[in-house]
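The next block holds one structure in the form of C-alpha cells; read it before the comments.
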Amino acid sequence: MQIGKPSQLRTSISTATPDSITVRNRDLCKELIGQVSLTDFFCLLLTGQPPTNVQRLFLDASLVSIAEHGLVPSIQAARMTFAAAPEALQGAVAAGLLGCGSVVLGSSEEAGKLFAGLLAKTPQEGTLEQVVEHEISALRARRAPLPGFGHPLHQQEDPRATRLLAMADEHGTAGENVRVLRAIAAAVPKIYGRALPINVSGAIPAVLLDVGFPLKALKGVPLVARSVSLVAHLLEESMEPIGFALAHAGESAIEYVG
Amino acid sequence: MQIGKPSQLRTSISTATPDSITVRNRDLCKELIGQVSLTDFFCLLLTGQPPTNVQRLFLDASLVSIAEHGLVPSIQAARMTFAAAPEALQGAVAAGLLGCGSVVLGSSEEAGKLFAGLLAKTPQEGTLEQVVEHEISALRARRAPLPGFGHPLHQQEDPRATRLLAMADEHGTAGENVRVLRAIAAAVPKIYGRALPINVSGAIPAVLLDVGFPLKALKGVPLVARSVSLVAHLLEESMEPIGFALAHAGESAIEYVG
Amino acid sequence: MQIGKPSQLRTSISTATPDSITVRNRDLCKELIGQVSLTDFFCLLLTGQPPTNVQRLFLDASLVSIAEHGLVPSIQAARMTFAAAPEALQGAVAAGLLGCGSVVLGSSEEAGKLFAGLLAKTPQEGTLEQVVEHEISALRARRAPLPGFGHPLHQQEDPRATRLLAMADEHGTAGENVRVLRAIAAAVPKIYGRALPINVSGAIPAVLLDVGFPLKALKGVPLVARSVSLVAHLLEESMEPIGFALAHAGESAIEYVG
Amino acid sequence: MQIGKPSQLRTSISTATPDSITVRNRDLCKELIGQVSLTDFFCLLLTGQPPTNVQRLFLDASLVSIAEHGLVPSIQAARMTFAAAPEALQGAVAAGLLGCGSVVLGSSEEAGKLFAGLLAKTPQEGTLEQVVEHEISALRARRAPLPGFGHPLHQQEDPRATRLLAMADEHGTAGENVRVLRAIAAAVPKIYGRALPINVSGAIPAVLLDVGFPLKALKGVPLVARSVSLVAHLLEESMEPIGFALAHAGESAIEYVG
C-alpha cells in the first residue's frame, strides 16, 4: 500500500479545532447552521460554493423527484434487512443504497456524460440533429443501453421528467443539455422503431447541468435522495413491519428445479 | 418465513400509476417537485405532514450541524472503500453509513429517549432537578454512557450544540426537552466530578423534540446528514485520491506482536 | 478521535515483508497454502491455533448446516441488489450479510451466552434442572426471546439441530453445553405451554463450545457460512435472473393506504 | 418493475420442507452435514457438484492464499466501522467486503477473462507467444491495467503466486491457463520495459481454471476468503480495539487546504 505519503494528504472540505468547525472556508456554527438548508449545504460541500437561486430550485426539485417511488427493489431489500437486523438502522439504509446501481438509479450520470459527449461533437461533426442521429444509431447498433429513456411503469411518459423540463422552460434555464435531451427524444422513434419516454434520470442531468451543477456530482443526487426515502420506509417498518411478509411473497413464488 | 400474509401488506408512504406518483396523499409532480425542499420532503415522508416554519428551521439546522466533521473514521472508511472499488460509489457511501453506529452517531436517539424517560417521572417522582440527579446518578452507578454529553475534540464546549440551543432561545421554541438537557448539564459536575459539554447529539433531540419532531425518527437525522457529506468526500476522492494513503498512515503505525 | 496512540497499535494476526507473509506466527506460503483447508485457516485466524480433529469436524458441520436455506430474506435482498447493481458483486454480498442480524442469524451467540450464564449458576444455585427452570421462567416472564429454539418452517423439529446433536453423541464430544441445551428443551413445554424445537442456532453453540470453540467467535460462524451461500446465489442470479421478479411479487402484494 | 412473472421464478440451489432441506439435490442433514467441508460445500453450491480431490486442494489453497494480508484498507475500514458500531458485527464485515472491488481484489476474475480471451485466439491468430505479445502490447497501448501482475509490497515476487504455481506443477494440474499466465510473464519485460511479478490474483485463476473451476465463479473466491479474515480481525478488535486509533493516525496526517 505504499501509495502516497502522509505529507501529501490534503482535503478542501473541512477542518476543526476545539472551538470551531470550518467547512469550505466558512464557520459552520456562525455562518451555516440556522442559515442554510440541507440542500444548500450539499451544494456547498460538493462545489465549494453555495447554490444560486436557480441551482437551489433545480437541485431540490431533482432530489425530490428521485427520492421516492414506492416499494422498489432497494426499498424491499432494506425493509427485509431491517426486519432481520433491527438493532442496526444504518445497516438497513446501507443495504438499500447498495441497490442504487448502474441498472436502476445510476443512469443520471450516464445520461449526463452522453449529453456532454454529443455536445462536444457539435458543430464540428454536424448539426445537433445529425450528431444525435449518428451517435445514438451507433449506440443502438452495439446494443448499449440508452441512459435517460424508458421506464417499466411509466411507459408513455414519466411525469417527473415532464415536470422538471417544464420547470426549466418556465424559469428560462433550459439550455444546451435540455436541447440535446429533446433532440435524442425526437430521434428515438426512427432509430428504435418506437417512442421511448424521457425518464427522470434523463431530465435530472439535463436541468442540473444547464444551471451549472458539476457532471461528476450527478451520481450523488440519487444516493442522497434515496437515503431520505429509506429512513422514512424504515421508520414505517419499525411501526408496521412488512419486511418478512414481502420475502414470503417472493419465496412462495419460487420453484426449485434441482 | 411464514410471518404475515400478502393481504395484510400495507404502506402509507406512496404509490404510483403509469400517469402519476402519489406520496403521502399528494401528487408528487403537481404538488411537490419544484415547490418543496428536500428537507420539507424528508419531513413529509417521515410524518405525513409538511414541516411548520420552525420545524423546517430546526430540521435543517440539525442536519447541517451533524453532516460534516472532517476525516472522521466513517469518512476514512468510505474513502478507502472507494479507492479499492471505484466502480461502485454506492458501496463507498454504504460503507461510510455503516459507521453511523451506537458509539459515534447513534446517540441523538438515545439522548431523546433519556429526556422522555426523565420527563415522564416528573412531577410524580420529584422536581425535574431531583429526578435528573437521581436517574443520572443511577446511570453513572451502572457505568452506562451518558448520551449527548462529551466529545473527544470539543472538550470544553461543542460549538454546534451551543448554536442550536441559542437558536431555540432566539425563536422561543425551547421547551421541556431543552430544559431537561440543561438540567442534566447542571447536574453533571457533581455526579461525574467534572463538567462534560453538551454535544451536538444532545442538542439535536432537545431542539427537534421541542418543535414536535417524532422521537422514533431521530435516528434517521444523522444518517441523512452523513449521506450528504459522504457524497462530497467521495467526489473529492475521485479527483484527489487519499484513501490508500490514509490506510498507509494507519498500517505504518501497527506493530505485529505474534 | 484522540483515543489511543500510534505507538500502542498492535495486532496478533499477521504481518508481511516483501518476501513473506506471516499469519499467526506461521509462514503463509510455506506452512499453510496447500496444507490446510479454509476451515482450518478460519480457526487459526480466530484462535491462533489450528483446529483439533473434532474441532475441524464440528466447525465444518456447523458452517455447512447454517450456510444455505433457500430464498430467505437476506438472499432475496442480495439478489435484488445484484439485479440493480451488477457492476458490484461485493455490494450484493454485503447487502445479504447485513440481514444476518439479531432476529435471523444472530441467535447462535445469544444461545451460547445463555448456556454460559446457566452453567455459571450451577451447582451453587441449584441443580442444572432447577437453575434452568428458574432462569428460563424469568426470561419468559420478562418476554425476552429464547435463543436457539423455534423455527417458522421446522415447527416440530429442525433436522439440522438433530443432526449436529447426534454427531456430538456419536463422537463423544457432547458435554455441559449440550447438556444445558437439552435441559432447556425439557423445561420448555412446562414453561411455554407447548414444545419448541431446538433450532440450528441452538445446536451450533452447544456442539462448538463443547469442543472448545471460543464463545466470542460464535457470531462469525453464520457470517462466514452465509458469504458462501450468497456468492452461489449471486452466480445463479447472473445466469438466471430473478431479483426483479421477486421484487415484483412483493410489490404486487402491497396496498397503499394513504 | 414488471419484469418476469412469478410463474417463471426458479432456483436450482435449494428448497426445504418442514422435515428436510435439499441442497443441489442432496439431503443437507443426511448427506452433507458432518461429511463435507465448507470448501466442498462452496463448490457444490456454486457448480452443483462436489469437488474432485485436486479441485478441493486448489480451491482451499486459493482461498487460504487470498484471505489475509494484514491491515489492508478494507480491514482498516471494517475495524473503524466496528469501533463506531459494535452492535452490528455484520455491518463491519459488510463494510470490509465493500472494499473488495475492481482495484484491490477483483482482478482474479479479470485475469481469468484475459486468459480465456488469449486462448480463444490461438492457434488461429498465431502461436501463444505471438498472440500474447500482440494482445498485451495492445492492452498496454490503450493504458488498460494488466490484471494479475504487480504488487505494491511484493515488488520482485509474490510468494503466494509462486507457491500456487509450484503446487500446480507438483500435482500435474498445470494446463493451458498456467501456460498463458507464464507466457504473459515472459512477455512483460519487453512490453513494459521492466519485470512485473505474477501476483496472487494472477495465479488463482490460472490454477483454478486448470482444474475446471468455472470462470464466472472466480469473483466469489476473494469475497468468501475475506469474510473469514474480516471475522477474525473483528474478533481481535472486540478484544484489543485499534479502529479509532487507526483513524487518528490517518486524520493526523491530513492537511486542510481550504
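A few comments on the model shown:
Order of writing sets the chain letters: A, B, C and D. Residues in each chain are counted from 1.
Convention: a residue touches a chain if its C-beta (ideal position, glycine included) is under 8 Å from a C-beta of that chain, and two chains touch if they have at least 3 such contacts.
In this text, all values refer to a predicted model and were calculated from it rather than measured experimentally.
Comparing the contact residues of chain C and chain D by number shows a mostly shared set, over half of all numbers used being common to the two copies. The chain pair with the larger count of C-beta pairs in contact, out of A-B and A-C, is A-B.
Centroid distances from chain D, each centroid being the mean of CA atoms, peak for B.
A separation of 31 Å divides the Cα centre of chain B from that of chain C. Averaged C-alpha coordinates put the centre of chain A at 23 Å from the centre of chain B. In whole angstrom, the spacing between the mean C-alpha positions of chain A and chain C is 37. Along chain D, residues 1-3, 6, 9-12, 14-15, 70-73, 85, 87-88, 90-91, 94-95, 98-101, 106, 153, 242, 244-247, 249-251, 253-254, 256 each make contact with two or more other chains.
Those residues of chain C whose C-beta lies close enough to touch chain A in the complex are 70-74, 76-78, 80-81, 83-88, 91-92, 94-95, 98-106, 242-247, 249-254, 256. The touching residues of chain D, counted against chain A in their complex, run 1-3, 6-7, 9-12, 14-15, 22, 24-25, 72-73, 85, 87-88, 90-91, 94, 152-153, 250, 253-258. Chain B makes touch with chain A in their complex at residues 1-6, 8-21, 23, 28-30, 32-34, 36-39, 41-42, 45-46, 57, 60-61, 63-65, 67-71, 88-91, 93-95, 97-101, 106, 153-157, 159-160, 162-164, 167, 214, 216-217, 219-220, 223-225, 227-229, 231-236, 238-242, 244-249, 251.
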